[in-house]
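Shown next, in structure tokens, is the structure this report addresses.
Chain IDs A, B and C follow the sequence of writing; residue 1 opens each chain.
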Amino acid sequence: MDTLVFVLAGAFATATPLLLAALGELVVEKSGVINLSVEGMMAVAAVIAFVITYTSGSHLLGFVGGALAAMLLSLIFAVLVLVFSANQVASGLAVGILGLGMSALLGRSYESFTLTAPAKITVPVLSNIPLVGPILFQQDLVVYLTIAASAGLIWFMQKSRNGLVLRVIGEDPHIAHNLGFRVLRTRFLAILFGGFMAGLAGAYAATVLTPVWSQGMIVGRGWIALALVVFGTWRVLRVVIGAYIFGALLLADLAVQSLDIGIPSQVMTSMPYLMTILVLALVSRDALRIKLNAPVALGENYRPAH
Amino acid sequence: MNLRLEIVPRTAPSTQALMMVPAITIALSVLCAIVLFTALNHSPSLVLYSFFVEPFLDSYNLSEVLIKAGPLILIAQGLAIGFRAKVWNIGAEGQLTIGAIFAALIPITWPQSQSALMLPVMILVGGLAGAAWASIAALLRTRFNASEIIVTLMLNQIAFQILLYLINGPLKDPRGFSFPQSVPFPEAAMFPPLVEDSLLRANMSIWLVLLISVLAWVFVARSFAGFRLLVGGLAPNAARYAGFSANRAIWISLLAGGVAAGIAGVGEISGPIGKLQPILSPGYGFAAIIVAFLGGLNPIGIVLAGFFMAVIFVGADGAVLAGIPASAPVVFQGFILIFYLASYTLVNFKFRRVRGGTV
Amino acid sequence: MTKFKAVMTFATVLGLAAPAFAEAPLNIGFIVPNPIGEVGWDYELDRGRREMQEHFGDKIIVTAVDSVGEGPDSTRVMNRIVAQGADVLFLGSFGHMNDGLALAKRRPDLAVLHAGGYLNEANFATYSPKHYEAAYLCGMAAGYATKNGQLGIVAAFPLPEVLGIMNAYVLGAKNANPEIKDAKVVWLNSWFDPARNRASAESLVAQGADVLFSLFPGTPAAVAAAEELGVYVTTTLSDNSEFAPSKHLCAGQVNFSAIYIDQVNKVLNGSFEGVDIFAGVAEGAVEVAGLSDDLSEDQRAAIFAKQEAIRSGEFKPFSGPIVDNTGNEVVAAGNQLDAGMIKGMNFLVEGIDSELPY
């Protein structure tokens, strides 16, 4: 039972960096741009946030610094694909490489330094409910804020005018342009938002989830976030659920080991990727495509005609 | 804002600009490197000497450049075929891994064999296995419309987990003290050295790489099939009108990438490594994407770009010995690609001064 | 990049610059696989190097490089260091083995010292500390400290050395407290993944463990987690007290300089051999450190007494009868495991609730 609570409660915190980064990437992809540098942005944000929190003692400053650092990288990406019309796949990988290199370079002298993580919030009364209490009502502030941000993003995507503009641009930038929407400006803002969220994700990973600096702080979680957007079929709520499932899977791998079930660890580690491929194959069939909100123009650069 | 610069497409790609792109890229990257290394309290001239001069100073470093360039060029040739058709295979790393695993089954099964057939069969099996792994992405893309970018990316991670499982389990060397690695391969499974009885590690696989580069050049520049891929990528409607199938372009692209990466995997296990181990490739699959773009998706350009990247990799190790943090060269490589991508715009676009107007 | 250096390099390649002049300092190359940090494998290797340099002063010059990972690229760094005139090469990762061996075969005048491998050549020595001796002692501390008898172990990879440490730990715990339950194990299958490391600690505590053992993790994340979760933690390689000031129970501290100084002396006086060096408490290579004040005087005395018994050779941790966790007797009463069997450890002792993953 304790193991179950461990997995179900811990999954929130484990899922939070994945979810933050995935929400950002979702907005980017909805605008028709794919940014493969999530891993690199998270890594840079992680080290900057760690160093700032370590030096200043303020987690808030760490988050701000991490977000700004990742936004700076996303700015490079935005300039490459929007101003220079460079290929999105190559640009994302290039910025990602720069980010990973920067992260290792800056983190070098902080190897195995530690921070104090902010205390978890124990909601009075509610956290005493058996089973549900420790799972839902003993999390840190960022977990609750991330869930709130997800709700805000659902509203933005479905109800707000700007959300609609974003979606139209991702579907067909030429039509959007003809309708009078500013394609490049919208994409620019979307990419910066993606950087901001990846920055928060990296900051959370390094200063709250695991307040110890080590190389490999992010180790593949940026790629999982990319998978998550697809797993959630570009829908915020599904991405939230997917993040929770992936978070639980990452912990279940560890919990299962001591339960003598005999599943090789590598199978468990592969599960998020296998599930993403499966979901992608199931949902990408043409008939369903429109319903599923996959941005049609994903990966295609747009230049206004003259 | 009355006067502003605007980027407008050229009617035809500019050859003149194409020639200038590498020069601009290198100039800007070197500038950034000087700033970076000065900031790190290292003499930039010493670092640049390590990067660009030292690799050419002796036969050992030149041999290392060949070792590094081989897989980069090979994989990039395969990927470029797909990239020309706008099929984004990001999964060369996984295809390399699967190619290496299946090829390795042969020497692991017959560790005493001295058959001259072993290496050729390994190359064949490695290429086919790489292609088979890539075909998962091709199938999902053509049958289910699933993005090959995501699928190949996911397959990288899965391939790595398969490798870890096998070398920790069924393929583990029983006399290897439980370390995660296979038995060492017999000599028949290894590429013969380029120079007999020398200290140099460079091997005959470089000829295979150059041969495949020639084939890629013929395929892209001369053959009808190459034209088809070009058209399929650039204008799907035109391709369909002319009776070409977009699905076929996807299959050819991914299979070509898979074969090349699979063979590159054999080149590693039958070259510098000589067994299966957890780390088969120091990121060749991703670095090759950079090489493909640096080479302008052109087979000859890719050979040059592959050697250029290899020089930087080998030079980086020298820089590390000179006291530069191991991560600094990675940052430098990031700069190079970013500046290349930005300056490549000049090939297809030109700057024009305009008055007013909105974007 | 002076002309002189180029000439020297050339001479070295020809094998002319062997340590011929008594007054010329011994040129040592030293590579470790990861960033140095403040505790753990790379830190301890590097601390050994620093102490070695202090000891020998200007009799040696050392080129130290960190973050030289495994894989085909590490070879190039080794070769460069040797081409630049190194007479002795320290390799800090198991993954450096094959390329190091090839280099040693090509350069018979070079002395190579490789950490953690299992193959030797005339000029290629391997070294490893007997971590298991200190692990037995920390196991005793764990046996004393546990309230509910549930131990939890976070381990990196199921390598033979790791199995040996784990077995000795549990044997030590049972020696101190015969009533303990079967220890639970989580395998990380990675060296560097702080989040996974930390989650493993949380997972074990959720399953009731009140003493954790952080066995060869690449990061101190599990140790820091133990402090937060309020459970004791024992550690390997370094005293990790700073990461768990109130909950650090015991550490199996290694001192590589004991091995390094001995071996460099052998190179200097020409008696270096490519043998396997297995050094423990007796050689000063391993000791308990960072014992918690929560242990009673008697308990601490018992641990130190056992350490002295190990030092004198009177006690050996792997003394029969030892039964593995599938019920087979692996060591009969009166017998002991020899060094080869310890280094090739491929079983878990009774009292460990885990199957070998493969």
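In this text, contacts are C-beta pairs under 8 Å (C-beta built on N, C-alpha and C of every residue); 3 or more make two chains touch, one makes a residue touch a chain.
From a predicted model like this one, the values you see are computed outputs, not experimental measurements.
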Can you list the groups of chains that still touch once subunit B is no longer counted? one piece
When A-C and B-C are ranked by contacting C-beta pairs, first place goes to A-C
Centroid of subunit A to centroid of subunit B, CA atoms only: how many Å? 28
If you average the Cα atoms of subunit B and of subunit C to get two centres, how far apart are those centres in Å? 37
Where in subunit C do residues touch two or more other chains at once? 189, 357-358
Residues touching two or more other chains, restricted to subunit B: which are they? 164, 168-169, 325-327
For subunit A, what residues touch not just one other chain but two or more? 108, 264, 266, 269
Spell out the residues on subunit B that touch subunit A in their complex, using ranges where they run on. 7-9, 88, 90, 136, 140, 143-147, 149-151, 153-155, 157-158, 161-162, 164-165, 168-169, 286, 289-290, 293, 325-335, 337-338, 341-342, 344-345, 348-349, 358-359
So in the complex, which bits of subunit C are touching subunit B? 1, 63, 65-73, 75-77, 79-81, 83-84, 94-95, 98, 106, 118, 157-160, 163, 189, 343-344, 346, 357-358
How about subunit C: which of its residues touch subunit A in the complex? 34-40, 43, 184-187, 189-190, 192-200, 202-204, 206-208, 218-221, 224, 228, 243, 353-355, 357-358
Subunit C-facing residues of subunit A, complex: 2-3, 5-6, 10, 14, 107-108, 111-114, 117, 205, 209-212, 214-217, 219, 221, 250-251, 254-255, 257-258, 260, 262, 264-266, 269
Given the complex, residues on subunit A that touch subunit B span 34, 36, 76, 79-80, 83-87, 89-91, 93-95, 97-105, 108, 182, 184-185, 220, 223, 226-227, 230, 264, 266-267, 269-270, 273-274, 276-277, 280-282, 284-286, 289, 298-299, 303-304, 306
